[in-house]
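Listed below are the structures to be examined.
Two complexes are shown next, each including chain A; its partner changes from chain B in the first to chain C in the second.
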Partner chain A sequence: MYGDAGAKLVGQAKRAQTLTNLPPYLTELVRTITREVRDLDKDVADLLEPFQGSFHPSDDQATACTLLVNHLSMRRNKRCLLAYHRVRTDRLEELVWNSYDVVDLAGQQVRDGSGGMNGGGSGDGGTGSLCPQEEDYMRQYSDLLAAYKGQWTDIDLTGSLEPPRDLFIDVRVLKDAGEIQTEYGAITLTKNSQFYVRQGDVERLIAQGYLQKLS
Partner chain B sequence: MSYYDVDAILTDSEKVPCKFELEIAQLGYLDNDPAQPLKTGTTVGLPLWLAELLALANRAPSSSDEDAKSFVSLNLPPALSNEVMSALKADPRAVPLRDQSHNFYGLGTRMLDLFEEAEICAILRKTFVTRAADIALHARKAGGAEDLGAIAGEDFVRGMEEWERLLFKNAHDGVKGTKAWMEGVKKH
Partner chain C sequence: MDIDDILREVDPTFDFVPGETRDLQALTRAWVAERSAPELLDWPPDGLFERINDRIKQQIERVEEMTGDMDPKTNFALIVIQTELERFKYLVRSYLRARIAKIDKHTLHYLSSPALRARLSETEQAYATRHQALLHNHYLSSFLSSFPQSLQNLNDQAGNISMIDTPDLETAVFIRLLTDTLVEGRGTDSDGGMDGKIGDIVILRWSDAKPLVDSGRAEVI
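Moving on, here comes the complex of A and B:
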């Protein structure tokens, strides 16, 4: 029946809300639903065709009812599709606020494979689970957020809300990250080396999984 | 309830029995038989999103002595039938609501928008209040002794529908949150 595919999609969206990882985009199912809408639209056009634009619902009630059913099915499908995408974009925005970007997500899977760390980061998807439009959305949202954050240079809006216990922490380098500039000069981060650095300088590198915090 | 609310959408796909009031040639597929026209008087289970508007849409009377009627007439879904209601009246805690419908209260609210059933309304309200106390209890237990609580209330917890699950989760998180906070206070 029409609308069944939509219900399935929303069921998946519901499931996705409880998962820590963003499940892959359901291209096939979305396509099925859009095709269904197109079919329904064609049906409506075919039904109305003989009336030449002068259709009176009271004259032909069976047709009127069929049209109503088709219309409602299309409307329902639209709602299902929008809700599914909304759940996903909400999730992507959350990821962006947590300082993930599209490239991070791509690298995440590789890192997870080589002994995941980083306290089970809030949402590691891997770009495999995004569709091209979603990648685009995420990229543009990152730009927006960066522009927004740029207005305040002395406060990091996406910074951690936990007050740090120590200003300086020990970190271990998990993979080469090149040279970074700090107040105390430049440090070269080479794999497996250990540093005692200011937390604020390396927070982002920790979030991205380049460094591991040692307690 | 918002347009994008996933739970509201899922509630909308709960099926409601509808009786068609006229014969429609093209809608045979609703009764699983696309080749045949849908006959007058056929009862089909239609999802709420379709049933509600079909029942509300008025069609013009075909002759002057006939009243305006709708395409279908709605009936109460089995989840809100007399049997279920009397079971709930007897003991709200003993009925696994999830078996009736995954969105039992959601369905109930939607149906009561359409039907004037003061009694069902009263029963549902009493059921929710009675069960809510139990849910809070189970949520608290599940937080403390993980396995003990799970075994004691397993059947009940499994029989919770979506609203109740949400309530359970919130209660559970609340207990956990308080505990974490208390520990933080002691540390400093």
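Moving on, here comes the complex of A and C:
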């Protein structure tokens, strides 16, 4: 009661900021906090009921104090929930900017799961760490970003934010990526081969982990 | 290039340079300012970005023509143009991303008054409005809808704390003076003023620097 669960949630949010992968959505904890808020609201209503809308704080200071604490706890819980969700949506937006989508994320989770502790942990039905609402949000945000990017087709907004130094770079192929078309003809990217290519042509592949930039 | 050249470049009255160069300078300047200033600055007026977009398109076409015409291995000019094009694109991209980052951070603040709204370009306004709607919807469907009615707002002012976060206008910025002017700054104990000479570099609070920058007497660096 009185914000314990909220503090826990914020702690989780703080922790999530330093992790590379987004931890699972804490459905249960969020539900506990909303329930707490509803209970507090009911308490307030019950406390105020005998006064029939004519409550004067100075007449009954004990009740006034209870009311104040209840109100503050509700507000605080709301802030905690907002903060937790904002941290998570920020992460999701970052993923969208790095051109992941919901399907990619599901794939990544499964792969990470099988690579780590014999795959039992995170494989519960695809996007284990997102709740359905977050999946929706991510999908909608991708659409929004795509629409905004559509205004700037030539610039490729999601491109690298490092200032370009060289037009051409050396890359090593980490995973077979098939054939790509460049201005200088087609290149077949087979694993472990090395190419000297134009940075703009392969930026997306580097971001997706098919290629590695050699310095 | 020494300091005088740089100053002449950014001097608004110096107009012997062709329009293309001026646009590039304007873009570079907007980019530097946007990255250093704590709050969102005005979207550049008079169609700067339309011109920039056109020019990028032209250059891309030019590059395509040149690749078709000549052997790329020997075509040095092509490489120069392409490199320059990549740099130009980087400037625009970085500029837009810096703005988007600020808008995302304080969406409700920038949408709250017409004056602040006017700083955004049309597409940015559409983006910000839609983004805020998405967020609100997400909160609603996640937990807010089961809250009591009086607690469902996202812009409460209760307890003298506004829920709307605003950028910190007291952050320090570096500015370079473009004319001789009086620089005034507020301090914690007392306020101070100094007679600035052209080219002087000063560090002060953004809220004090803003009038100087807006009137073109200084630039953010």
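Quick note on the criterion: the second predicted complex is superposed on the first by the 142 of 215 C-alpha atoms of A that agree within 3 Å, B and C clash if a C-alpha of one lies under 4 Å from a C-alpha of the other, contacts with A are read in each partner's own complex, and residues count from 1 in each chain.
Here is the rule we use: a residue touches a chain if its C-beta (ideal position, glycine included) is under 8 Å from a C-beta of that chain, and two chains touch if they have at least 3 such contacts.
Remember, predicted model here, so these are calculated numbers, not experimental data.
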Discussion item. Between chain B and chain C, whom does A:Leu19 touch in the aligned arrangement: first, second, both, or neither?
Written reply: neither
Fill in: Which of chain B and chain C A:Leu214 touches, first, second, both or neither
neither
Discussion item. Just checking: does A:Gln199 make contact with chain B only, chain C only, both, or neither of them? Give me first, second, both or neither.
Written reply: second
Item to complete: Classify the contacts of A:Thr34 with the two partner chains as first (chain B alone), second (chain C alone), both, or neither.
Response: second
Worksheet item: First (chain B), second (chain C), both or neither: which does A:Leu161 touch?
Response: second
Discussion item. As a test of reading the superposition: which chain, chain B or chain C, is in touch with more residues of chain A?
Written reply: C
Discussion item. If we overlay the two complexes on their shared chain A, which of chain B and chain C does A:Met74 touch? Say first, second, both or neither.
Written reply: second
Worksheet item: Taking the superposition as given, does A:Ala146 touch the first partner, chain B, the second, chain C, both, or neither?
Response: neither
Worksheet item: Taking the superposition as given, does A:Gly3 touch the first partner, chain B, the second, chain C, both, or neither?
Response: first
Practice prompt. Quick one: classify A:Leu82 as touching chain B (first), chain C (second), both or neither.
Written response: both
Item to complete: Could you list which residues of chain A make contact with chain B in one structure and with chain C in the other?
Response: 72, 82, 86
Discussion item. Please output the residues of chain C touching chain A within their complex, sorted ascending.
Written reply: 53, 56-57, 60, 63-64, 67, 72, 79, 82-83, 86-87, 89-90, 92-94, 96-97, 100, 104, 123, 126-127, 130-131, 134-135, 137-139, 141-144, 146-148, 151, 154, 156, 158-159
Item to complete: Can you check the complex and tell me which residues of chain B touch chain A?
Response: 3-7, 9-10, 12-13, 22-27, 29-30, 47, 49-50, 53-54, 57, 59-60, 62, 71
Response to the item:
Per the touch rule, the chain A residues reaching chain C in their complex are 30, 33-34, 37-38, 41, 72, 74-75, 78, 81-82, 85-86, 89, 93, 131, 133-134, 136-137, 140-141, 144, 147-148, 151-152, 154-157, 159-161, 163-164, 166-167, 183-184, 198-200
Response to the item:
Per the touch rule above, chain A residues touching chain B in the complex are 1, 3, 7, 10-11, 13-14, 17, 47, 57-58, 61-66, 68-69, 72-73, 76, 79-80, 82-83, 86-87
